[in-house]
Every structure is written in C-alpha cells, then in structure tokens.
Amino acid sequence: MKRAGRERGGIGWEVLSLPLLLGFWQVLAMLAAHRLFPTPIAVAEAMATLALEGRLLEDLGKTLARALAGFGLAMALGIALGLALGRQAWLDRLFSAWLVVGLNLPAIIVAIVLFIWLGLTETALIAAVVINKVPLVIVTIREGVRSFSADYDELARALRLDWWTRLRRIHWPQLLPFMLAAARTGLSLIWKIVLVFEVLGSDGGVGYRVSVFFQFFDVTAILAYTTSFILVVLAFEYGILRVLERRAFAWRRA
Amino acid sequence: QDKLVLGLQESGTVQWEIEAIRQLGLDTEHGVDLEIRPLADSRAGQIALQAGAVDVILSDFTWVSAQRAAGSVFTMVPHSLAVGGLIVPADSAIETVTDLEGKVIGVAGGPVDKSWVVLQAYYVALTGGSLSEAAEARFGAPPLINELLGAGGIEAGLNFWHWNARAKAEGMREVISVAGMFQGLGLSEPPPLLGWTFSEDLAAEKGEALTRFLDASFAAKAALLADDEVWDGLAAIMGAADDPALFAQLRDDYRLGIVTGYDPDDTRLAELAFALLAEFGGPDVVGAQTELAPGTFWGGYSK
Amino acid sequence: MAPGLSIAIAEKRFGSAPPLFSDFRLEVAPGSILALLGPSGIGKSSLLRLLAGIDRDFSGTIAIDGVAADRAPMPGFVFQDARLLPWLSARDNVLLAAPALGAPAAKALLDQVGLGGRGPDFPAQLSGGMQRRAALARALAANPGLLLLDEPFVSLDAALAAEMRALLARLIAANQPSMVLVTHDAEDAARLADRAVVLAGRPAAIFADLALSVPQAERDEAQVAEYRRRLDALAKGPA
Amino acid sequence: MKRAGRERGGIGWEVLSLPLLLGFWQVLAMLAAHRLFPTPIAVAEAMATLALEGRLLEDLGKTLARALAGFGLAMALGIALGLALGRQAWLDRLFSAWLVVGLNLPAIIVAIVLFIWLGLTETALIAAVVINKVPLVIVTIREGVRSFSADYDELARALRLDWWTRLRRIHWPQLLPFMLAAARTGLSLIWKIVLVFEVLGSDGGVGYRVSVFFQFFDVTAILAYTTSFILVVLAFEYGILRVLERRAFAWRRA
Amino acid sequence: MAPGLSIAIAEKRFGSAPPLFSDFRLEVAPGSILALLGPSGIGKSSLLRLLAGIDRDFSGTIAIDGVAADRAPMPGFVFQDARLLPWLSARDNVLLAAPALGAPAAKALLDQVGLGGRGPDFPAQLSGGMQRRAALARALAANPGLLLLDEPFVSLDAALAAEMRALLARLIAANQPSMVLVTHDAEDAARLADRAVVLAGRPAAIFADLALSVPQAERDEAQVAEYRRRLDALAKGPA
C-alpha cells in the first residue's frame, strides 16, 4: 500500500521535471535578455518553422539513422569484446594498452584515416562513429563483467548451464546496470560524435546543419535542432528505457 | 589607445600580410601597436570577437551581413578577393565546367560553401541544368579534398585557393577559378568576400587606431603585390621554404586576390554577389536576408 | 540410474595454506546414501564442490561413473547458502535447473516443499527457511542421478525438517539416486543415510566410516535413536 | 601456488601488449606506405623534435592541467550528484529530464554561452569541460547507486553506521566498479572535450595545436601529440589505477 | 544496562499480502533472555528486524527502554545469513560493529569463536560455519545491551554449537543484556532462555509463552532435557 503510494507520488515528480526545466530556462533567458540566449518559446517557434519550412525533419532523420546504426553496432561489438576481455584475463592483459589507445584516439584522426580509405561515404562515417564509441562500451562492460559474483558462476556450473542460458539468466541481469549506464551515456556520446563527423564530411544531418547555423551564430536555430534531438532521446528514455528498466528491476523493489 | 588585438587563425594566409607588416616596419611607421592572438580556426575567431577577447578578426561578408540583420552591429573592410577554383588531375578529360556531368566532385567545406554555390550558378548559366543532379558531390575538409583528388577518390575538386596552389604545384590543373565563374556570371570583377571585421562600438572607440592599422594593411598589400623581395622573408611561414615551385605558385595566386582599394559607397559587386548567393544558396549560405545588410562595409574608411 | 563415485584426490589446497585433502580416497557405491559429517571448516563443502565439478582446481581424479566430475551430468546440488538468483522468481529459479519441467510441475514441486502459491515471489520476498526450501526444490527438480546436498534442512523448524526428510526419503525410494548429504545433524544421517563418513584432521582423513545397515524404510524409532547415538559419539571426533 | 603462477603469466601478457600494438602499427604503416599513415618510428622522431624544438611539452602541460582540473571537478560533482539522485527517488525523478538534456547538449552551445559570458578565460574553458562531463559521471554513478545491495543497507542500519562509515565501508566498495568505468572512460572523454574547447577558445594546448596541424594535414605531428598524451594516460593506468585496483579488489580474487 | 522492550505493532504487512502482525503486543523485561520460536515464514526474522530498527515500515510503536527502535543504541544483531561484507577481512567485519575495540581485542574475540588466525581472511575464504561464527563475533563485539540473534548456531557441528552456547552464556552472565534469540532448536532455548515465546498463525499471535524459571546457571542436564521436551511439544504448534 504504502509502497504503491510512493510510486504514484514519484510519477508526480517525473511529470514536473520538464516544465520545471523549461520554466528555469525561460526565467534565465528573460533575465539575460541576450540575442544568443533565446527563450524556450522562441526556440519552440523556430522548431516549428524549421520543421515545416526547413529541413529539420530530414536532417533529424539522417542523424538519427546514423546514430542508431552507430549505437547498435557499437553496443553489440562493445558488449561482445567487453565480455571476452572481462572473462579472459590474458586477453584483457594483452589488449589493455590497445584499449587505452583506442579510448584516447582523437576523433579527427579516426575521421582522416577512414575518410581517406573509404572515401566520403556513409559507411566511413558510421565506421568512424563505431570506432570512437566501441572502446567506451568495452571499458564499461568489462568493469561489469569483472564484478560478476563468483557465487552465481558456481551455481551456473553446478546446473551445467549452456553459454546462452548463462548469458541470459546469470550474466545479463548482473550486467544490466552497466548496460544502462553504457546505453544512457552512449546515445548522447554517439550523437555528439556524429555531430563532429557530420561537420568533417557529410552533406546533411543535424551536425552539418548546426555548423551551418553556427556560421551565423544562430543560437536559436541550433537550440531548435538540439531540442528536437533531445525530445527524441526523452521519448526513448521514458517510452522504452524506463519501461524496460522497471520490468527488469522489479526484483530490486521486492 | 592605439593598440589593437587581432584574432587570427594561426595557420592562415593572413599571417603572410601580418609578417610583411612586421618586416617592413609598417606598424611602427603608421603608429599602431598590433597584438596578435592566435586562433585555432574561424569559429574560434567568431567566438573571440563576440566574447570581446579580440578587436578585429577576418570574416566573411555574409557573416557580417547576417549578424547585422540579427542585431549585432559588426562591420568590415575588405581584405581579400581570393576564393578558390575547380581543379582536376593533369591528365583529366575535364576541360570545362560542362564536362563535370556524371563525375564525382569533392567540395571543400560542404554544400553551403560559397564556391560550390557559385559553381552551381555558373553551371546553370552554361547549361540550364542542375549540377547537383548532373554530378555527384562529396563534401569534406579541404585537405581531404586534395588528398582524395591525388588518390583518385574524386574526379574533380572544388577547393580553396591555397590548397589549389599546392595541388597545382604538384601538377594538377585548374579548370576555372571562382573569380572566373563570377565573371562568367556577369560580375566585372571578383567581389571582396573576406574582410577585417570589428564591431561598430570598437570603430567608435578606437577609430584612430583602426584607421592606422588599415593603412598599414593596405601598404603591406601594395608591397606584396609589387615587390618580390618582400616575399623572400615569407617563404618559411608559407611552408614553402624548400619548394620553389610551390612558393612561386602561392605567391602568384595570392597576388590575384589582393584588394587594392576600398570605396565604402561602391558595394555594387558585393550586393550582386550576395544576391547570387542568396538565389542559388538560400538562407543556409547568406542567412535569413536576401539582400546585403546596409552598413556591412564600414563607412569610416576608404582607400 | 545411480552413479558410483570414485574419489582419489592427490591434493587440494587453497593458496599457501596447508592442503585440505592430500591423498584422499573414497569410493561410493551406486545408489548409496552417504552422510558426510565433520567439524566446521574440515572441508565438507569443498569436497562437495569438487564432486559437483564446480571446482576443478585440484590434482587427482574424481570420477562419477567413470566420467570426470565436471563432465558428468548435472547433479542435484544444494549449496550451504540458498543461492537463489535474486532476479528470478522462486518458480523460475526451480525451472533454471530443469527447463523441461514446465510451470505446472514446478508449482507442484514447490507445493511439496511447502511453498504453494509462493512461486511468483522473488527470493527477497521469502523467509530464510522458505529460500532454503526453494533451493532444495531446485536441486530435486530434474530428478538427477546424483544428489549433493550441503545441510539442506538447516533453518527449518523440527516439523518442517521432518517433512522435508520424508520428502527426500520418498524421492530416494522412487528414483534410487546416489547421494552425498553434508549435515551436522545426526538425526538427518540416522534417518536417511545408509553410510556415514566422518572427516577429521588437516589434511582431512576419514576418521570413521559407519555402515547404517538396516534399510532406511525399515528403521523404527528405536533403531534411529541408536544410530543417532552412535553418530553423535563419532561426531565428537578424535579425542 | 597455481594462482600465483597464473598471476605471473598475466604480467607477461601485459608486457607484450604495447610492443604488439607498435608492431602491428609498424606493419600496417609499411603496407600502406602512405604519407598520411606514418610509422611509429616516424612518429617517435616527430615527438622528439616537437618536444625539443617545438611546443609539445608546453602544450601537453596546458592540456593536462585543464584535463585534470576538469576531471577532478567533474568526478567530485558527478559523484555527489549521482549519489543524491541514486538515493533520493524524488530528486531523481525531478531532475531526470534535466539530466537527459545535460547529456545531449552539444559542446558548441556550451562553448558559445560560457565563452561569451565568462570571456575566453581558463575558467570558462574548465567550466565548459565540467558541464559537458558531469552528466556522464552522474548517470554512471546513479546506476551504481541503484544497484546497491539492500542487504548491506540493512546491515549498515543495524550497525548504526554514520554516513561517512557507510559511504566508505558499504557504498564505496559497491560503487568502485562504476567509478572505475567512469574514471577510465572519463579521462579519455575529458581529453576529447578539452580538445574541442581548446579549438574554440584558447591560445595553446594539444587541441589547439592539433587543429592547426590538421589544417596542413600533418598526421605525423597530430599522432606525435596524440601519442604523447596517450603515454601519460598509460602511465596513469599502469602506475596508479591498476595498482589501486589490485588492492581494492583483492577480496574478489580470494 | 539491559533495556526492556515494549512492542505494540498495530500492523505490519508486505505489499498486499495479509498482514504479518496485526495488533501484536509483547513486553520483554530488562535482562530477559527470550527465545522466539515458530514455524518457517511466521515472521520471526521480520520481528527481529523491526526490533533492530532496520525496518521502519510498520504502524504502531516499538520502544526499547522507551526509545523508538530505530533511535535506540546499536543492538548486537545476527542476521539469518552471515551477511559479512565480502570486501572486508573477518577482523574488519568485526571492527565495523565496534571500531573502538582495536585489533588485539578483535583477534581475541575471533579466537573465542574458534577463528583464531583467520582474522585477515576474507569471508569468501571461510567455510560456511566459520562465516556464521564471524557474524556472531561481530554481534558481540560492542558488548551491546540488547542482543537480537537470528539462528546464530545454525551450520555448526554439535560440539561447536555447545561451545558457542557456552560462550554466549558467559557473556550474558557478565554483561546481563536483554536478548531475543530466534531458533528452531529447542536445545538452544532450553539451555539459554528464561522465557520462550512461540508464534503461530497469520497474522502471527503468541501461541505459547513459557517461563523457564530455573536460572540458567543452575540447570542440570535433566532440567534441560525437561525444558526441551516441553518446548518440542509446544513448537509443534496448534493442532
């Protein structure tokens, strides 16, 4: 009873979050009253105009497609490699320096090499995104794998679980918090990386357009694009992540 | 009082003029103290100018116009006419712009690059068709274009002039310069696209120093145009110290872009160019305005 | 169905501590119900882990019907703690050991250990004794040929413990598995086992090996009491 | 015995990691034989030249100082806020949307606002870095806090532990894997963020210099700068992180 | 030193299940050694958690010497599982409850529970029974006025259990704490307690409340056996 009540109260807070942010922003913008600090209302208007008359939807679509492709590939590769490195100490040791190098390779280097090798293509762009992101996923997942409980591994061995059941029933639930951290930070990073690469070599997408707007210091339009992307992420967060999370972590609240 | 802070791209060709001013003692001669704040790229310059960290930067006339339209009263005095051109490998079959049909063109900067807009306008003028449909454009950073041109990844490149100079020194061939395209589109001379940019507040406050600096700048331009000896001291910062061919190419192409005079009342060329860019490039290229904002070129100076 | 165990551990040690087992030999006949007794820390749980093939870090051989322990089919294993997966319901924990069982049979099994209706609950929602019974149900779910149980009746009240022992006795009668039962309770051994091995010393050696020769089904209370007395005396260990 | 042996073998693998990477790079570079793909030897030479005659050491020092300041501040703030959000469901709900927005705000927006408000100062640069990084730390730490064991919280309550002991003895060890993930990915991200901001508003540092080199496509010099930074991170990884980690996780290997 | 407990739970329930306690009252006199018995799942551990102030989610009042349970000084608490912190050595786990104790005294205490020399070991390096004894040592470390023990002697062989009971009896004699001891073993109650409460039903009610009036120190084996017999009978619960 009491628990359910608390839950419901919580949703109240959740609903307040966005309006509060917008209010805060509106007040700040009104106080600043600076051309480079537009109010949310001005940004919303710009969004509407850009969506109806400009190419906002088209650009957003391009960037989302790239981000999703990059995200999916990077997560899949990163999880596989993270699992491998987390479980096999010798592999981890052998490639530990590689990982540090991969983590710290500037985007620009990756972009140069790939754009030159693969040309100014969509493949090169997505490959660059993936190469930039994979080491981050690996590191997070590897940390998760290292913190697996030895007790549950013993159980898995006693029950003679095959690798798939082991992955699904024993490892996945333990990995989930790390996965969520990787997914949440990952989506935002991917998008930022896509922005960078779209500036370096592409003919459209949010990053490209933002750099165009930047030429004129059109902060309102930049924020309109940013906001529309953030709305997509918010939809993903509340529509998918939180729902999945609530189901997956039901046992924690028990 | 008579000190100016210039925010300049560290690697930019503008450094050549500054170096010439220094070597010829034009700053002391004109009684102005120049402090150079090096910047990593053009975005950094625009931020620095808005943040008040520098007094003068180099910028595009479309940027100044758009800023004025949006309420930030920046203004400018022309610095350079140099733009770029269409370049192909020496053995390329491309002889004219019309040959671009069905080819892969590498464009420096992106679809809103002015050279690309002008090339498209020129193509329309020649053929009546759309170049972006007739050919495949790929967009990338300038060095990337040169690199891909050399490696055969693209068949023609549309790049900035100093990158083209390098390419030419390595045996590539320029099909047509952007200045040539402008002429083909009916402009008698190439328009001044790049200029010394500052706020009107600064012009009011430090007008004297500004004028002296502009005098020094034009004096240096004159020297660079007429005097080969001035160039000898620049070979190092041009990155052509041990490449006489490249050195000569860079020098000659630079001279083509030198602005020799300035009449603030004669903005006809800029207006035409702006209208062209607005027509073929749209708001992505020129901002919301379709006409050059009045006052884009500073009335406080003439040469 | 019941496998025989052939244990010949040359050495088992943890780190640099003195070995837990050194040249340790034990044969368990197929279908034998062996009670394993001995003081805390002697190595009972460690031995069980070796038998289950969970721990492979030893020298020597452990053969379950001639197959190395870690290659042998899944044993029914009760850990010394309940070791349920906290993110699976009681029922899913049981089904993990026997996916082929199906939900109704899992429910029936949970009923038998007194957890009727608690199948959908997560382990954290169960009391300590309930968790242990769920763990017992999991070990029994697949009807394994070999049962390895580490103090399965701990934390249960006397009545419930007796019920669980009876359940186990029924299953043994039905399936005739081999079993190794670690326990500190002579009662468990006296009621269920047909052989009791008491460990002592470090490295652990077999201090006593007692045959409980009256068949389990035929023991009366007096016989159980007598076995218990003898086991209690033995469990005191060497002087 | 066996364990100790395995450990020693492991160090063997570790020592191999870097030479293997360099060898791999050398072979690739020799196969490619391309001006834009220098060999490690060429890069090492460039490093030496740039360090002795150029400004490599000065630039590296500037960037490291900024990265460390940003890293320290972002970790401290992020941990504090992550703990707060992880423990207080209503706070988390109230600020969840803010966090999503913070995660996805492009660097360029932050740069414009801060550089124009605070001027092209070191403070503005570090503030921009911190603002970019804090949401990432928060998300990772919050995920860690949410996965805290309720059992140990009960124990802490039974033992009437004060908040400091609770933090140190109960929460910290559970947070450590998440902290390590945050620190490892964090350092590399901070450095990439610093690179971006150094391009936009500074007069020195690795990012500044790399973007200048980029204008000449001087990949050898870019790699020389990158490599020198990576060497610093490797020193941090092997000299500090691994040692601390080995001590903190001794119980896992038990 | 010993506090009295005054329990008046209006209602304690988990989620939407029927309440565990409803209008439940129990007074425990200062210095009383109360054995709490009852079938698995009746609510013994839940009650102990309420008494320790770990669980505050109930209606009613629980007063330890007049102070709400969660404000009262730290009790000595043994969980039903060992619940040692895996990242702390056995010694540090003990010191966590009593930082003022100091390493030598912690070592001495570990000696007393038969873990001499195992202080630097991590919990994962200890056997099941050893972990439970470390948990007992932790509960006793600070000499608390109130001891709340949930099956503290489980998983120990008979000899060791007797030893631990004797240790506890000595501590009780020395410090005169109040104590609530949850157990399924009538032996524990018969040897240590001066009062036994048996719970039954849902919501749980006091089914039996037995005074073990012969002082603990003066009970002979016959007296213990008698108490055990009576407790065993009671523990069977209502028909």
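Going in written order, the chains are labelled A, B, C, D and E, and every chain counts its residues from 1.
What we mean here is this: a residue touches a chain if its C-beta (ideal position, glycine included) is under 8 Å from a C-beta of that chain, and two chains touch if they have at least 3 such contacts.
All values reported here derive from a predicted model rather than from experimental measurement.
**Q** Give the fewest steps needed to get from chain B to chain E, where each step moves from one chain to a chain it touches.
**A** Tracing touching chains, the least step count from chain B to chain E comes to 2.
**Q** If we define chain centres by averaging CA atoms, which chain lands farthest from chain E? Would you check?
**A** Chain centre farthest from chain E's centre: B.
**Q** Any idea which two chains share the most contacting C-beta pairs?
**A** Counting C-beta pairs in contact for each chain pair, the top pair is A-D.
**Q** Compute the distance, rounded to whole Å, between the mean C-alpha positions of chain A and chain D.
**A** 17
**Q** I'd like to verify one number: the distance from the centre of chain C to the centre of chain D, where each centre is the average of its C-alpha atoms, in whole angstrom.
**A** 49
**Q** Return the distance between the CA-based centres of chain C and chain E, expressed in whole Å.
**A** 28
**Q** For chain C, give me the residues that contact two or more of the other chains.
**A** Residue numbers touching two or more other chains: 81, 124-125.
**Q** Would you please write down the residue numbers of chain D that are in contact with two or more other chains?
**A** As it turns out, chain D has residues touching two or more other chains at 36, 108, 112, 116, 150, 211, 214, 217.
**Q** Hey, what residues on chain B touch two or more of the other chains?
**A** If we look for residues of chain B contacting two or more partner chains, we find 43, 50, 141, 144, 147.
**Q** Which positions of chain A touch chain D when the two form their complex?
**A** Residue list for chain A touching chain D: 6, 9-11, 13-14, 16-18, 20-21, 36-37, 89-90, 93-98, 100-101, 103-109, 112-113, 116, 135-136, 139-140, 143-144, 146-147, 150, 177-178, 180-181, 184-185, 187-189, 191-192, 195-196, 210, 214, 217, 219, 222-223, 226, 229-230, 233-234, 237, 249, 252.
**Q** So in the complex, which bits of chain C are touching chain E?
**A** 14, 37-41, 45-46, 80-81, 114, 125-130, 133, 150-151, 154-161, 184, 186, 232, 235-237
**Q** Going by the contact rule set out above, which residues of chain C touch chain A in the complex?
**A** Contacts found on chain C: 49, 52-54, 70, 73-75, 77, 79, 81, 83, 85-88, 96-97, 99, 121-122, 124-125.
**Q** Mind pulling up the chain D residues that touch chain E in the complex?
**A** Within the complex, chain D touches chain E at residues 151-152, 154-155, 157-161, 165, 169-170, 173, 248, 250-251, 254.
**Q** Per the contact definition, I'd like the list of chain B residues that touch chain D in the complex.
**A** Those residues of chain B that touch chain D are 9-11, 37-41, 43-44, 47-48, 50-53, 141-144, 146-147, 239.
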